[in-house]
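Both complexes below contain chain A, partnered by chain B and then by chain C.
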Partner chain A sequence: MNITEDLKRFIDNENDSNSQKRKSDVIKSIEKSYSLQKEEYKYTPLLKKIEKKFNLLPENKEIVSQKSYSEIKKNIDSEFYILCVDGFYKPELSNIPPNISIKNYSELSDKEINLFEKIYQKYDDSKSDFFSSINSITHNDCLTISLDNNFISKDHISIINIIENYEVSNFRKMIFCDKSSEVSFFEQFIDLCQGESFSSSVTEIYLSENSKFNFYSAQDFKENYHYNSINTFQRRDSTSNFYTLSFSGSIVRNNLNICLNDKNCYANMYGFYAINEKSLVDNHTSVDHVDENSLSNEHYKGIMGGRSNGVFNGKIFVRKKAQKTNAFQANNNIILSDKAKVNTKPQLEIWADDVKCSHGCTVGQMDEDAIFYLMSRGISRKESISLLLSAFSSEIIDKIEDDKMKSAFTSLIKNQLEKFNDE
Partner chain B sequence: MSKDDKILKDFTSKEYEYGWSVDFEVDQAPNGLNEDIIRLISKKKDEPKWLLDWRLEAFEIFNKMEKPNWANLKIPEIDLQSISYYSAPKKKKELKSMDEVDPELIKTFEKLGISLQEQKRLSGVAVDAVIDSVSIGTTFKDKLSELGIIFCSFSEAVKEHPELVRKYLGTVIPSKDNYFASLNSAVFSDGSFCYIPKGVRCPMELSTYFRINASNTGQFERTLIIADDSSYVSYLEGCTAPMRDENQLHAAVVEIYAGNNAEVKYSTVQNWYPGDKNGKGGIYNFVTKRGICAGDNSKISWTQVETGSAITWKYPSCILKGNNSIGEFYSVAVTNNYQQADTGTKMIHIGKNTKSKIISKGISAGHSQNSYRGQVKVMNRASNSRNFSQCDSLLLGNKCGAHTFPYIDIDNKSSMVEHEATTSKIGEDQIFYCLQRGMDEENAIALIVNGYAKDVLKQLPMEFSVEAQKLLSLTLEGSVG
Partner chain C sequence: MLKIKNLHASVEDTKILKGLNLEVKNGEVHAIMGPNGSGKSTLASVIAGREDYDVTEGEINFQDKDLGELGPEERAREGIFLAFQYPVEIPGVSTTNFMKTAVNQIRESKGEKPLDAVAFLKLMKEKMKLVNIRQDLLSRSINDGFSGGEKKRNEIFQMAMLNPKLSILDETDSGLDIDALKIVSNGVNALKSNENATVVVTHYQRLLDYIVPDFVHVLMDGKIVKSGDKNLALELEERGYDWIKSEN
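Moving on, here comes the complex of A and B:
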């Protein structure tokens, strides 16, 4: 493969020996991650679509400008926010809370490097997913967020990623939550690029004992291509909650990998996608139960209109040692249009016997009886449908504990559902 | 927990019952796979040229293919050159009736508990027995031919009904379908052929019995079932093999064609030798089975009880082409010791108002790995189609694995698809409930396992249902106390 040669350039340009080692590790397994695409991207021709359009191995440089992005900032509903442009963290444009360390990897002290070196590329899917491999090699600096012991933030912290100057951009971050900390993030991507673009983002999250972590993300990519990989590693008694909204994008691929490496871990994953036109949204999740007494819960719901294609693949692994595991997974889809498609693959792999695991998946359409019932009460057909669709989404919304986020997500979904009609 | 362990221990130490071989004179081709062997097989069977050409074409395709590796199986390297592709009990003359059959053979079947004579007299099941891939004798032929039903060995069908064979052979499973189907197309030696004419309801169960007897042979049989418009047939298939240290290959192909309003029910109890408790020996079972509901309102139903084979790779599928056609798949797969199974189905909805139902029950014990792999595909024009899938796994012990890989691809807005799956072990409360009703643990587990598999077992015809229940209970019987 010639790409290997091209990628080696990035290692040669690297001064830091740790980075060099990390990147060469990825190159060693690049052929494997490339070959895994056949199954993992069976319904999602992401590489095929973008390899001719873009140079996937850009050498982006940080662009310094005087822009203040006040329009965007105005819409941020939280006090604290982190702003990144083209994959570069902009501290001068961010408002970060006290008692939390947010820095570029290259600016870390030796002590901090020791901490993050244990996380960097240790828990991601760079050796099994081609796009993650490419991100690992070509990303610029890595944003690091570190929370101290017992740090608890009341309000969520927004992460705003702006895609502006490059048609291909790579975002990368690590989040370390120390013992008994509690934090929420709300991540959004905003595309200001003229024309089509491809962005990739890889996140590694390390949750120490007894920490609690919430991650909200809302994706509205219009005509752009996006790859997103979130990788979480959990220690004893920790809890993670993920809420993902996907509304558009030429192709949006989300990998959410959670490793429950210790006892009594909780992981909840909720997703809602409502897509139209030619969008393709692909949610790949994987939960790896390594140790005993953990619980994972996963629920993804989707509405497909136009010529859109919804793809879902949920993997649950229960290792030999992970007795007393409870793992649940559900995926429900509504197809509204004749041209829309759904491909779903809920997958269980279990090696322990004392477990309760189940998955369910449905594909269906609007219930004509329910529409008729509402119309007979004087509600128009369009309104009836939108009412029923928002009822469909409420199961996901109801899982959000934080009131502020709940209302934010509710209005986002409401706006999106107004675009749907039965065809 | 200790009781569970004991059950497991006994479960794993149970020996294979059908592990004997009979010495009768065989006519065996030299080992190896090449064009000459294919010509030899074709010549021995006195085949017409078109069939030889078909085989050679399949062989050419096969040579370009690679062994599939997508299944969740560890498949050791299979040396196709070290296998003999033709082995037949030496035939001296054409046999007219069962009485002329080699007494050794009759004994073989008596040992199996599938005495052709017995079957003939008592149960009214017509049996076509295939040993080492050659059909030995077909019972009840005359009675069936009165109704116009053709039920005979594949080679006989090639001779007597070439037009039918030629019309349907390879239409459901083309020779380029997959690696093992291509291999089969090139080297298949015999099998069963069945044709039910228009409007005929076959009055008895038709049955094939397969047995691999000779060592170093592979069995490559081919079954073709054609149900013409408005006909009905229920077809049974059973299989056993002797205990041998080495592995043997079995790569069969079953094709079913159902016309308008036709119904075909295909039941299998697969009990090939699974290898010993250390995973040595056993049959590699790579089978391609597919039916096409070509006509409107047709129905194909697959029921399988898979207890044997070291490796099972099998996906009986339905192509629902006719409007309002129905496909069903019921499966119980039990794996023990070092057995591996990757089995499931494909339901391809093409016609309007098509329905499919999948019930799969996996039971894994010992060090075995049991996977369900299935696909439900609804094409764009298959409006109002409906699918329900349920695949449950039961784990006995903590060294085995249960896996589920369902692919659901929906391209139509008016179809409804549901899939559900669970994995669990036998609940202690369930056992406790039975115990406090005065049952012993052994019966309790047998009861629970049978209840767990009941949805599938009840689909089997009576004779098979009894055998299947016995097979399931036997594996667990004597496991306690």
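Moving on, here comes the complex of A and C:
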């Protein structure tokens, strides 16, 4: 594998010894993460598609931006936002809430480094997913966000990632939530790149005891290839809620890995994808129940039109110690055209004996009986389909507790569903 | 109002209607009776414009308009209403939202302005009383988890909301206990006028005690083989359908 030699260059250029060590660790397992591609990317030929198009090992330099991105900022619906361009955090273009520490890793104090060193590349999938491996070695600085204990933010904080100057860009961040803190983020990627590009993003999240964490993401790429890996490590009594919307993009791969490492943890994973044309959206999720009395709940729903491809793979692990686990998973799909496809696979591995687990997936078409029923009351076919598709998405929307995010997601979905109704 | 001439219809190459004639005038109530598989529900679906059925011969005229090429939504906008034998459950769409969309799309097709929220609510309140249906049922997903009686009441509620010229009630009595049957029938009777007409498709005479027909037709093997007044229904109840078969 030639890429290994090329990757070593990044290590040789590294001055910081910690960083060098981290990257060397990844190299050691790169053969393994590469070989896992075959199974883990069975229906998602991401590497094959991009390796010839792009140099996957770019040495991007930060470009001092002359722009204010006022158009983009105008559309941000929250008071506070973090803006990153090509994987570089732009504090001068961001509006940071008080009492939260948001910094580049390279700018952390020694004390802060001690904290983040315990998280950095500890909980991610850099040793099992080839794209995370590459991100770990080639990313520039790492954005760090840390919340003090008892910190509670009412409004969500937006994370705006702009892809602009490079055809390959790598985003990397860590979020540390101290005890009893509560926060919500809404992450979006905005593609200003001319033509095709590849972006990768790896996020590590550490949730301390009794913290509550909400993460919303809306993915609407143009011709981009996107790899996204979110890795969450939860301590006792903590709660995480993930809401992922995926609408387009050449290939979008999402890894959502949650480790419920302690007792009484909650994790909710909700996703909705509505894709068209030749888009491929792949959601790979994994929840690892390590200790007792935790609950995970997962529901992904998707609509496939055109020649699009959906992929869902949901892993649930229940370790021997994790008695009294509740783990639920469901994936429902509607296929709107003869050429669209979905591959869905639940994967449960249970070692404990006192657990409650369920999983189920469905693939179906529009219900013609329901369409006729609506039409027989004077509603056009187009509007009938529209009503039924939005009804299909409502089950996911209803899970959002925050009113502002609920209405934001509702209108994003509504706009997207209108594109499915041209026939 | 409705003139059906020599109607032939089939589904997936199986002929079901084989030359049916029927005329319904303003203010009339017609009952279509017949044994299982005689084509009663097919007739109801074909009039409403269900696309699974192919009309191979004959025509359906509604208010001097050939329905031939009209889709189900266009027929509804012309004033045809089908109360379903098996109302469809649609999770995620409330009946209120459903009716609001329907009422306003029908209005739009006539060049009228959509009803605002206040006017719509007023209309809804008024029609709810007619079939004795509760508000919370209408806020829920359409027919989702409704009992048999609630589903049929919801059909008549929708009928009241849309105020059709021709209502076709397809086996509306099936799955109803006697109290629900009364409520549904009272609703239908209250909506009756000299301007509209009702076609009741049913197996049993029982419903016709409550919705009294002017004409009773017997449908057998895709054709109307006998017509009469309400006494024909009583005779059928007593003697079954076999005697008509031997008559033909």
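Convention: the second predicted complex is superposed on the first by the 421 of 423 C-alpha atoms of A that agree within 3 Å, B and C clash if a C-alpha of one lies under 4 Å from a C-alpha of the other, contacts with A are read in each partner's own complex, and residues count from 1 in each chain.
FYI, a residue touches a chain if its C-beta (ideal position, glycine included) is under 8 Å from a C-beta of that chain, and two chains touch if they have at least 3 such contacts.
Computed from a predicted model, the values in this text were never measured in an experiment.
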Chain B versus chain C on the shared chain A, clash or fit?
fit
A:109 in the overlay: touching chain B, chain C, both, or neither? Say first, second, both or neither.
neither
If we overlay the two complexes on their shared chain A, which of chain B and chain C does A:75 touch? Say first, second, both or neither.
neither
Which partner does A:356 contact after superposing on A: first (chain B), second (chain C), both, neither?
first
What is the contact status of A:364 with respect to chain B (first) and chain C (second): first, second, both, or neither?
first
Just chain B (first), just chain C (second), both, or neither: which does A:335 touch?
first
Once both structures are overlaid, the C-alpha centre of chain A sees chain B and chain C separated by an angle, to the nearest 10 degrees, of 70
According to the contact criterion defined above, which of chain B and chain C contacts more residues of chain A?
B
Determine, under the contact definition given at the top, whether A:99 touches first (chain B), second (chain C), both, or neither.
neither
What's the minimum Cα gap, in whole angstrom, linking chain B and chain C in the superposed view?
15
In the complex formed with chain A, which residues of chain B make contact?
70, 380, 393, 395-425
Taking the touch rule as given, give the residues of chain A at its contact with chain B in the complex, in rising order.
39, 43, 320, 323, 333, 335-338, 340-365
Quick one: which bits of chain C touch chain A in the complex? Just the residue numbers, please.
48-52, 71-73, 75-77, 81-82, 84, 87-88, 90-93, 97-99, 101-103, 105-106, 109, 141, 158, 162
Provide the residue numbers of chain A that touch chain C in the complex, in ascending order.
367-370, 372-381, 383-384, 387-388, 390-392, 394-395
